[in-house]
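Next up: the structures, one after another.
Both complexes shown next keep chain A, but they swap its partner, so chain B is in the first and chain C is in the second.
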Partner chain A sequence: MRFRLPKLLLGGYGLLVVGLPLAGLAYALLGSVGLAGPLAAGFTGRYWLALGHDPGLLYAALYSAGVALVAVGLSTGLALALVLGAQAALRRGPLLGLLYVPLLMPALVLAFYLFQLLSRSGWLSRLSYQAGLTSRLEAFPELVQDAAGVGIVLAHVLLTFPFLALLFQAIYQESRLDDYYQLTRTLGASAGQFRRRVALPLLLRRAAPTLLLSTVATLGAYDIPLLLGRPYPQMLSVYLTTRLQRFDLRELPAAYLAGFVVAGGLLVLLVPALRYTRRHAL
Partner chain B sequence: MKKLVLSFLGLLGLLSGCGTDQPRTPQQVLGQSWAQVEQAGQGQPVTMVMWQGDPLINQYMNTYVKPEVQRRYGIDLQLVAGQGAGLVQTLAAEQQAGQPSEADMVWINGETFYQLRQVDALLGPFVEKLPNARLLDLQNPFINTDFQQPIAGMECPWGNVQFNFIYDSARVARPPRSFAELPAYLQAHPGQFTIPNEFTGMTLLKSWMMALSGNPALFRGKFDEAVYKQWSDELWRVINASKPYFWKQGQTFPEQLAPLHQLFANGEVAFTFSNNDAEVDNKVNQKVFPATARAYVPLPGTIQNSHYLGVVRGARHPEAALLVINFLISPEAQLKKMDPNVWGDHTVLNLVALPAAQRQQFERLPSRRYAPRRAALQGLALPEPDPEYMTRLFKDFRTYVIEGHAVPAS
Partner chain C sequence: MRSKLLVGTLAVLFGLPFLLLALLAVGEGWRFPAALPPAFSLAAVRSLLGSGNDLLAGLGRSLLLAGTVAVVATAGGFGLARAIARSAWARHWEVASYLPYALPPVLLAVLIQPFIIRLHLSGSVGGVLLGLLLVALPFATLLLRSFWTQQATEYEQLARTLGCTPGQALRQVLLPLAWPLLRTALFQTFLLAWFDFGLTNVLSVGKVRTLTVQVFAYVGEANAPLAAVASLLLLLPPALLLRLNRAALLRNTP
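Moving on, here comes the complex of A and B:
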């Protein structure tokens, strides 16, 4: 009797995190073959056949992957530089506390703040106009809703970099890298060699599952690309939502199909992440 | 043990209580006399699903309509955000699940009306049951027909609007007076103009396409593939030729109207648009737009349409919804709504049918200061084409303009 409750809770949790997403996936699959949805009229494979002729989903996937890799790559680089280059500042002073501040902001709030700051009618543009640096609005560089996704990357870096810096710092301390530093110095290694040969591989190896999950989370982000991105190219979540909300209900099966393919793809990406987590759990 | 059994029985009682709130057949609801409807609707809650993107409209509903229906009928009116395909999907899902709907009434028109009828999610015909329906201007084709679909009593007219251009007269001395002048104007004044990729933008595209055809009558009746192909191709050709002169060189377009209004208010563009010909007045009055904002309708005209109220087929409180709709088309509520300082939505009532005193109240409303008078627009009103024109334009605008794919040859 004592063990029933945890099992029940575990079952409920399993249903929540596995059962419901799988049910959603199954509904999307049924919708993509015309067996579910408001105008479902019986089985059809034409939406699957048409998938190959629609480059939109592939383009959105490639664009999202690019943005996610650049954003997480930059965040990782900055966080490593901070943890490996400014240990003293991280242990004393307000820097460590300041890293928590962006983490308290919801993604949409941060995106809105960046929009107000960086758009052509935003604060920076106004300041540069007042200072005589630009003569008109169009002269201010396009930093949000730009083709390369600069605004989206910047917003994700602002959210991900502090998180990764805190993570690396925790690993650094838990792995007693300071002691290793003293040891390698005693053995004749330079500070640079310690960072490259000892600290960097250890930090990256232990943080790998989190880095992968951060990349997947950025890949599927919605709020930030919605506000700071363009109608084209779109990141995956915005692309899918746009398709689901189109005026034409006959488009719904194609939207269900796109959702199924994306969700399936992300699940496949999560499998190696789970394997890593088991091997290198913190 | 006794306590457990009693609790179980109590829970069963609660569940069975929930089960009594089942929707009735349309015949059962609409077969009642108005006195019975009034009796059944008194003191009920009503959930209305509506677009909530305009603060003045929300204010009208929250500070005038809600207290009034509470005072008159004891109805607790709850407003919920929703529209378009999302609304259709929700109501269709409720129907498929065999559940009574969470919504009682909906604010709709055009393609949403068409789709709700496709999935049989509307209760009706009900308009004739409403005592105030005798005051409606149902002989007016811009009111009795919704995107080429006769309303057939399945939705009740609520307001009537016409698409218009809004420009900043401080920046634009002489705006293009017609769609034909627009490309040359854009070339001479780059960066001032863009098209919102949403409902209002699609109304602009429909009006532009009809203007290009030179014969808006071509777009009457059911969707015509040949007509669409010929004139949408021409539209994409004209727009793509002007694209380098659009805001941000046409490399991106606002996804909603509100951001375009914001760009206009910030001075980043010199033009915005509205489906409500009186919106410029209420936006200037709110100081959202500069006092130099003006509205006009380019030649040969723009689309005029109406918006409507429907009752959900699976509504839990259909009688109360009918009472609310009857109030919303009353002369008092329509008068209040037509005031440009309140909403500025043109009435759907036949003013001739009103008593002289009420008619004079409509005629004495504060006049528009920044938009043309309604009478001046009537000769420039084009009827809404079949909803398929909009769904196709929405899809093709993305493909051939936003994404820049080549238009296939005919």
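Moving on, here comes the complex of A and C:
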């Protein structure tokens, strides 16, 4: 019995974490060719053929990728600037503690807060009206539910930048970069050269798997774009759930197809990328 | 001077959400273009205790769900991490554990939804629990995998050599040694379930009204005071956890 228990445990675990998602992926594939789902009526390739004529999924994918890259890029830049530029302040005083505060925020709460702050009837708009900077509601710039996704990017930066700053700071200390700083200074390098040639590559390489997962998390974000995005263009998760929750069941195969393409695409992209970043992380 | 400016800027940036949410929760008849509420009222906060309001029930439901996910995922993850450490295919199991992270939670929920429906778990707490465990269990397993080193095994063997039963070795040697990691796993998996909205909303089709689902419903009804009260309630447990153990909040990826 004692010998069987770990095997049983691992078998159940494998069914849950590998079996269930892969079965879901297979069901989505079968659904997209008319072989599964409530209205399955036999094999058909028309949903796959129609994919080329429907730009919705491609736009959603490109829009999500753009938002994710900008948000994670900005967050990484801000976090690096803070860790490399304010190292002394991070080591003493309340700065490090402050960075933990946004980690308390569920994404949905942050989105609600930003909506109340940045919308045209929001707090900033009211303050600018009271200060005489704007004369009516429409004069305030569209910062949420905008086409460019400014609100979505801002929300993700607010959530991701403090987390990355804490991560970079932990790596900075674990890697004893202060000692390297003294060494490079002794060898004649400037502070800027130390940051560019020693600290930056080391921090980025060690944080690469987390940066990659953060990009995927932003790419697949749901709560924030649901509140701060607009019906078109939509981010991927919102696009998929909107299609799946339509009342017309005849739309389901196309929604299954979208789910399969997104999930398959992410797996094909992410698995080698994660393997590469983990192998090359110092 | 520069560091004080930086601290001040970040304090305003991160403190403003609490201020605005508090103002929304107690403000009455606060419409554009007023910069501050014309009147203050505790009606929304008081409605927490009212019989017609299910915010308190939502709080209880969220606490129960997140607590169950945390305990089951941590306990399961501890056992699974041990089994993986001793398995001949340890590396393969580790890679497999990353699969749920390769997909956004909502997409994962969309993919498994047909099976949740077939299991008659759609719209039930059980279905949401299964969905959350699908993400939380591999997270805890990967996090706790680092405990099961050669050294841990040697401690266990030493305890057994000195006369401990397997149960005693677990309770008196392994669990105290693993406690810092177990605590981190408990905190992290609790927060993972506590913060979740998308997966819960998709799998429960809006029927399991956790606090996050309620925030979204109140936002949809344009009921800003109740949405703000629910949001502030959502911030309470993480704030408490932050006070208890700051480091436990950081390890977001195993």
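What we mean here is this: the second predicted complex is superposed on the first by the 262 of 282 C-alpha atoms of A that agree within 3 Å, B and C clash if a C-alpha of one lies under 4 Å from a C-alpha of the other, contacts with A are read in each partner's own complex, and residues count from 1 in each chain.
Here is the rule we go by: a residue touches a chain if its C-beta (ideal position, glycine included) is under 8 Å from a C-beta of that chain, and two chains touch if they have at least 3 such contacts.
In this text, all values refer to a predicted model and were calculated from it rather than measured experimentally.
Participant: Between chain B and chain C, which one contacts more residues of chain A in the superposed model?
Facilitator: Of chain B and chain C, the partner in contact with more residues of chain A is C.
Participant: Which partner does A:104 reach: the first (chain B), the second (chain C), both, or neither?
Facilitator: second
Participant: Identify the partner contact of A:137: answer first if only chain B is touched, second if only chain C is, both if each is, neither if none is.
Facilitator: both
Participant: For A:249 in the superposed arrangement: first (chain B), second (chain C), both or neither?
Facilitator: first
Participant: Output check: A:121 vs chain B and chain C. Expected answer is one of first, second, both, neither. What do you get?
Facilitator: In the superposed model, A:121 contacts both chain B and chain C.
Participant: For A:180 in the superposed arrangement: first (chain B), second (chain C), both or neither?
Facilitator: neither
Participant: Touching A:48, do we find chain B (first), chain C (second), both, or neither?
Facilitator: A:48 sits against neither chain B nor chain C.
Participant: Jot down the residues of chain A that show up as touching in both complexes, chain B in one and chain C in the other.
Facilitator: Of chain A, residues 37, 121, 137, 244 contact chain B in one complex and chain C in the other.
Participant: Taking the touch rule as given, give the residues of chain C at its contact with chain A in the complex, in rising order.
Facilitator: It is residues 2-3, 6-7, 10-11, 13-17, 20-21, 24, 31-35, 76, 79-80, 82-84, 86-87, 93, 96-108, 110-115, 133-134, 137-138, 141, 194-195, 197-198, 202, 212, 215-216, 219, 224, 227-228, 231, 234-235, 238-239, 242, 246, 249-250, 252-253 of chain C that touch chain A.
Participant: Could you list, by residue number, the parts of chain A that touch chain C in their complex?
Facilitator: 6-7, 9-10, 13-14, 16-18, 20-21, 23-25, 27-28, 36-37, 82, 86, 88-89, 93-95, 97-110, 112-113, 115-117, 121, 123, 125-127, 129-130, 137, 158, 162-163, 166-167, 170, 209-210, 213, 216-217, 219-223, 226-227, 236-237, 240-241, 244, 259, 262-263, 266-267, 270-271, 274
Participant: Would you tell me which residues of chain B are touching chain A in their complex?
Facilitator: 84-86, 88-89, 92-93, 96, 111, 115, 118-119, 191, 197, 248, 251-253, 255, 263, 266-268, 387, 390-391, 394-395, 398, 402-403
Participant: Which residues of chain A touch chain B once you look at their complex with the stated criterion?
Facilitator: Chain A residues touching chain B: 37-39, 56, 120-121, 137-138, 142, 145, 147, 230-232, 244-249, 251-252.
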